[in-house]
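For clarity, chains are labelled A, B, C and D in written order, and residue numbers in each chain start from 1.
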Amino acid sequence: MPVLLEAENLARSFTLGRKGLFRPARQFNAVDGVSLSVNRGETLGIVGESGCGKSTLSRLLLGLLPPSQGSVMLDGAETTDVTPEEWRRLRQRMQLVFQDAAGSLDPRLTIRAQVEEPLRIHGLPLEMADTALDAVGLGGAMSARYPHEMSGGQLQRVIIARALVMKPEFLVLDEPVSALDVSIQAQIVNLLRDLQRELGLTYVFVSHDLGIVRHVSDRVAVMYLGRIVETAPKAEFYAKPLHPYSQLLLNSVPVPDPTRRKRARIVPGDPPNPADPPSGCRFHPRCPLATKLCREQAPELRDFGGRQAACHMIETARVAPKRAAVPTPDARQEEEVFA
Amino acid sequence: MTWLPVRLARAALTMWLVVTFVFVVLRLTGDPAAILLPDDIDAQTLAFYREKWGLADPLWQQYLKYWAGLLHGDFGISFRNDMDAFALVWERVPKTALLGGTALGIALFIGIPAGILAAIWKDSWIDRTIMTSAVFGFSMPNFFLGILLILAFSLRLRWLPSSGSGTWAHLVLPAITLGTGFAAQIARYSRSSMIEVLSRAYMRTASSKGTGPVRRVALHAIPNAAVPVVTVLGIQVGQLLGWAVVTETVFAWPGIGRLLTHSVALRDLAVVQCIMILLALTMVTSNMIVDILYGWLDPRVRVGAGTAQK
Amino acid sequence: MVLTVENLEITIDRPGRAPVRPVRDVSLSVAPGETLALVGESGCGKSMTCLALAGLLPRRGRISAGAVQLEGTDLARLPARQARQLRRKSVASVFQDATGGLNPVRTVGWQIAEALRLRKGLTRLEARAEAIRLMGMVGLPDPERRAREFPHQFSGGMNQRAMIALAVAGNPRLLIADEATTALDVTLQAQILDLIGELRDRLGMAVLFVTHDLGVVAQTADKVAVMYAGRVVEANNVRALFAAPRHPYTRGLMSALPRPDADEERLATIAGHVPPIDKLPSGCAFAPRCAEAHAICTSAAPAFTGSAACHNLAAGA
Amino acid sequence: MTAEANIPARSRTISRPFVWMLSGLRRMPLLVTLSIAFLTLMLVVTVFGRFLQPYAFEQIDLLARMKPPAPLEGFTWTHPLGTDKLGRDLLSRLIVGAQTSMALTLLGTVVGAIIGITLGFVAAHKGRWWDEAIMAAVDFQAAMPWFIVALAVLAFMGNSMIVFLMLMGLYGWEGYARITRGLVLSAREQGYALAVHGLGATPRWIYLRHVLPNIAGPLLVQLTINFPSTILFETSLSFLGLGIRPPMTSLGQMLGEGRDYLISAWWLAVVPGTVIFLTTLSMSILGDWLRARLDPSLEN
């Protein structure tokens, strides 16, 4: 499959509130050197905990925030240094679906007017809104309503329709269902998958929910404190995550099956402050495998047969899985069965 | 305590700005000697004073001298009664301080409890009564309230004097006049701040511990609600001084406000600039006090996020 | 049983409008050392039930029917003052927003000590020492120093630990955890779930765990009650419920969940959405969304028989 | 959600605050209705003032001096509100005085709003040093008692209409600036403005079509807060004899003049004072009501 979008060494720093006139403002890197590529027609799931920079990354990919460093290429064409005018044209090809649906809609406009807005901006025929509204199941009388008259699930449909109305190729979905109840969430997830199949869309699906990411993604990337620590095809990732953080993350997810209770195998400690990241490998203070090397030197993403991970200890852990504090997933399964 | 030096620096900056502003305005509006001295002065005297005040020197020297003068309490001479401007103003300070302090006391004493009560019994008749009175209170123009009080208590009932400042009885009407609007403002701020606090999750935690209603309000709600009220108070002190000018005129109260009105009418600029600089000093001081209070009340300011994990 | 709730009904009075009843006919029970999970989607009445049990209903809300037996005493029938005293000693709550749940102008130690002074009548010094011990027990590092710090100096996970220390201060019989881990990241959630389980076993508390997350239920609960539109539609022990969910809503909920441990081709959905509490349909509230609904479902509310409240099950049994 | 659910949906753009206000008209409290009625009357006076006065306001009639107003003993129907020491008709003076005060206040409010809203937008849009500088000015303005600053400026510059108008225009701008900046930032950072930016809209499009209409409500509320203090600003200065001065007249000037006759003719002060009070009161009541309707956080 051809690559549609490619990000190289993306970084974005923010300035924290200045503490006093005479002190330099503190900088922190919300995203710190992220490279990734998305193939046409696939879904790349980006997983991470709060504060890992996944929302910043999604805005960087779409040029909604200018990067401090690095570049994004769409279809082989650079998007980072183009004029605002060209950017506006590019927006027709790539769109963002927000987590906060209610907040991203103008409260004064009807649903139809919201979905028509991109067409007005780009001078396209307004009838195209009908197709988009029908596609998300909000055609007819529903489209005359205002946002405050609709439920959370319906609002999410509205912003999907608005994102689709210009027939983009590429969507970034930033936690699109995390605010919804399970039964509504399933409706939206199914809708997104149907749309992808019918329209040949390419998705980047950002979420903290490993269950949903498993359901929607073809490939998975795991973020920790502004960096990607592992990328892998979905099946391989869920069968056997390579990075210790991925392993602990996956192991922390409560499985909806009371016969498979996990014993407490917990990521120790709190996530560190993103404004003051640890030296070397950023996961080392919480990592059971950490060594002196990990404390001193940040690991690069390395290739392990079609998947990549940023960890110094992967080979060591593989050689002696029993010795490691974190058992491999296979060994874990047996231990975990609740007697 | 990193914020204290910063605040001091900011206060100094403000003072410097105000003084420089006054200096520049004085130079901009024409020959300072001509402005600071009465209009009907002859050219010889004018030249004498110009020499005496060093107005022939280069501007930066004048500026430094001006500062040096201020630091020694030399604000120039009031031409109206040929007195040292600073002495003239300083003499009035206790009167205005007494009036302003009493009014502020009345405002706090009435406004804060009223606001808290209204918030606790939100939407009840207590709340409605207090808030309706508050709307009337702060819509009432200072000068009009003063006149109504004079009509009722001095002219009709003859209980209290309508002007002057000799006895405590003289203080009653002006203090009420000046305090009413502020009591109303403070009641509104206290109420909204308190309502906000009462809806917070930690108030529910307090309930779930089994705290009684009095303890809950006194130990958990009020310390939190006080933070924004104190901030507002800092700004209100300035407004209070502003309205004191009007109140002092209505009741012929011999304070700084009345002096200011007179001096403005007569363009007695030495006095006006002296009052302006003292006023700026008062504002800066009251802001400092508010900042200190603020840090004392709110640990998030006092103990910075330095040791925080997040 | 620590807690037995029978046919609880909550009414909220609305000025100028008809009152609503967000919780109707709810019965539950929890034994010491046991965790009961109350599951449901937003607006199903699970949080309102919690607030009623903890005595924290909003001003216009009241328990309008039913019994709340706390170790044999019916709280609903007790005068307000005595009910408050009993709750103070025996019931503790942990809520979702731990950072917001702690008073920002008081030290964490002071807040825990206050609970001890109120619940156990300890002196200031005793309470302080006990607060520090509790902070250590919930896994807060360096409790001596941390007790003197303020909530804003703690991370979210640490604040949730502090809230738990505050809740278990004075050994309550019943701990109500209302979405206590919802706002936390999975790695922190695992820590906190573990801590609650450990404290339950150590202190012999009954735990009422309110959540919308079936994964959390499966991992922590002994018994489960599923709520929909203010009623319990199914209740069973956790293994039986997950092995064979009986109510169509429970089944729908389970198959709509994307699982982290298995692949599914397509998620099952439940059509429509939860009806607002003041516009409930007649009969079974789930009937308009139920694929198996019959005529009777829209006319009469089903009784709770066996482990679920559904006409189809009653007819089949 | 439930409260607004029965508002009829319309197909085209309609401002939501407007819909709210319309739907609220039926349930409007009596006090609010009276306030709107009084403000409407004041507005009519402002626009038509000089056509409404029964006499020329400066016309002297020494034969009819110090006549009391209507219900009091000794009044005449030719001067329903009585006359002053020079026999000038109080009703005519009141109308013209109100016209002056209202016109100045409206002008001052509008100028203040324009300055404040513009600077607020600039601060939010440009950020960095622009933001720092504008917010420093806002803090400075809020901390200094503007009334006293105005007195000092009148002393330095001399009393002229231009200076007076400038002072009124500069009064209260910081409130608008603060609100505008805050609303623009929050709209841009988390909400629909970012979303519309993502659709490819220009900043101009976003500000004019989305941000400005959505912050109109809170700005309107700010206007109802600013208006009463501006009219107090004008009347207080005129009352002290430092604003509007004879032969012109304004409510504050009338009150200041009437103050000298409290013993013999108290109505000379009380009548204009009551008009000022009713104006500020009406505006405050209207403002409170608008705020309660516009601010969803205040609803329950």
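As a working rule, contacts are C-beta pairs under 8 Å (C-beta built on N, C-alpha and C of every residue); 3 or more make two chains touch, one makes a residue touch a chain.
Quantities reported herein were computed from a predicted structural model and do not represent experimental measurements.
Visitor: Provide the labels of all chains in contact with chain A and in contact with chain B.
Guide: Output, common partners of chain A and chain B: C, D.
Visitor: Count the touching C-beta pairs: is A-D or A-C ahead?
Guide: Between A-D and A-C, the larger count of C-beta pairs in contact belongs to A-C.
Visitor: Calculate how many whole Å lie between the centre of chain B and the centre of chain C, each centre taken as the average of the chain's C-alpha atoms.
Guide: 52
Visitor: What is the distance, in whole Å, between the centres of chain A and chain C, each centre taken as the mean of its C-alpha atoms?
Guide: 31
Visitor: Out of chain A, which residues touch more than one other chain, so two or more?
Guide: Residues 270 of chain A each touch two or more of the other chains.
Visitor: Can you tell me which residues of chain D touch two or more of the remaining chains?
Guide: As it turns out, chain D has residues touching two or more other chains at 1.
Visitor: Two or more other chains touching the same residue: where does that happen in chain B?
Guide: Where chain B meets two or more other chains at a single residue, that happens at 308-310.
Visitor: Within the complex, which stretch of chain B touches chain D?
Guide: Touching chain D: residues 14, 17, 25-26, 29, 135-136, 138-144, 147-148, 150-151, 155, 234-235, 238-239, 241-243, 245-246, 249-250, 260-261, 263-265, 267-269, 272-273, 275-276, 279-280, 283, 287 of chain B.
Visitor: Under the stated contact criterion, what part of chain D meets chain B in this complex?
Guide: Chain D residues touching chain B: 140, 142-149, 151-152, 154-158, 228, 232, 235-236, 239-242, 252, 255-256, 259, 262-263, 266, 269-270, 273-274, 276-277, 280-281, 283-285, 288.
Visitor: If we count contacts the way the header does, which residues on chain C are in touch with chain A in the complex?
Guide: Within the complex, chain C touches chain A at residues 41-42, 155, 157-158, 185-191, 193-194, 212-221, 238-239, 242-243, 252-254, 256-261, 263-264, 266-270, 273-274.
Visitor: Which of the residues in chain A end up touching chain C in this complex?
Guide: Its residues touching chain C are 49-50, 151, 153, 181-187, 189-190, 193, 208-212, 214-216, 235, 238, 248-262, 264, 266-267, 270-271.
Visitor: Spell out the part of chain C that touches chain B in their complex, as residue ranges.
Guide: 54-56, 84-85, 87-89, 91-93, 95, 97, 100-107, 111, 114-115, 118-119, 149-150, 152-156, 158, 163, 166-167
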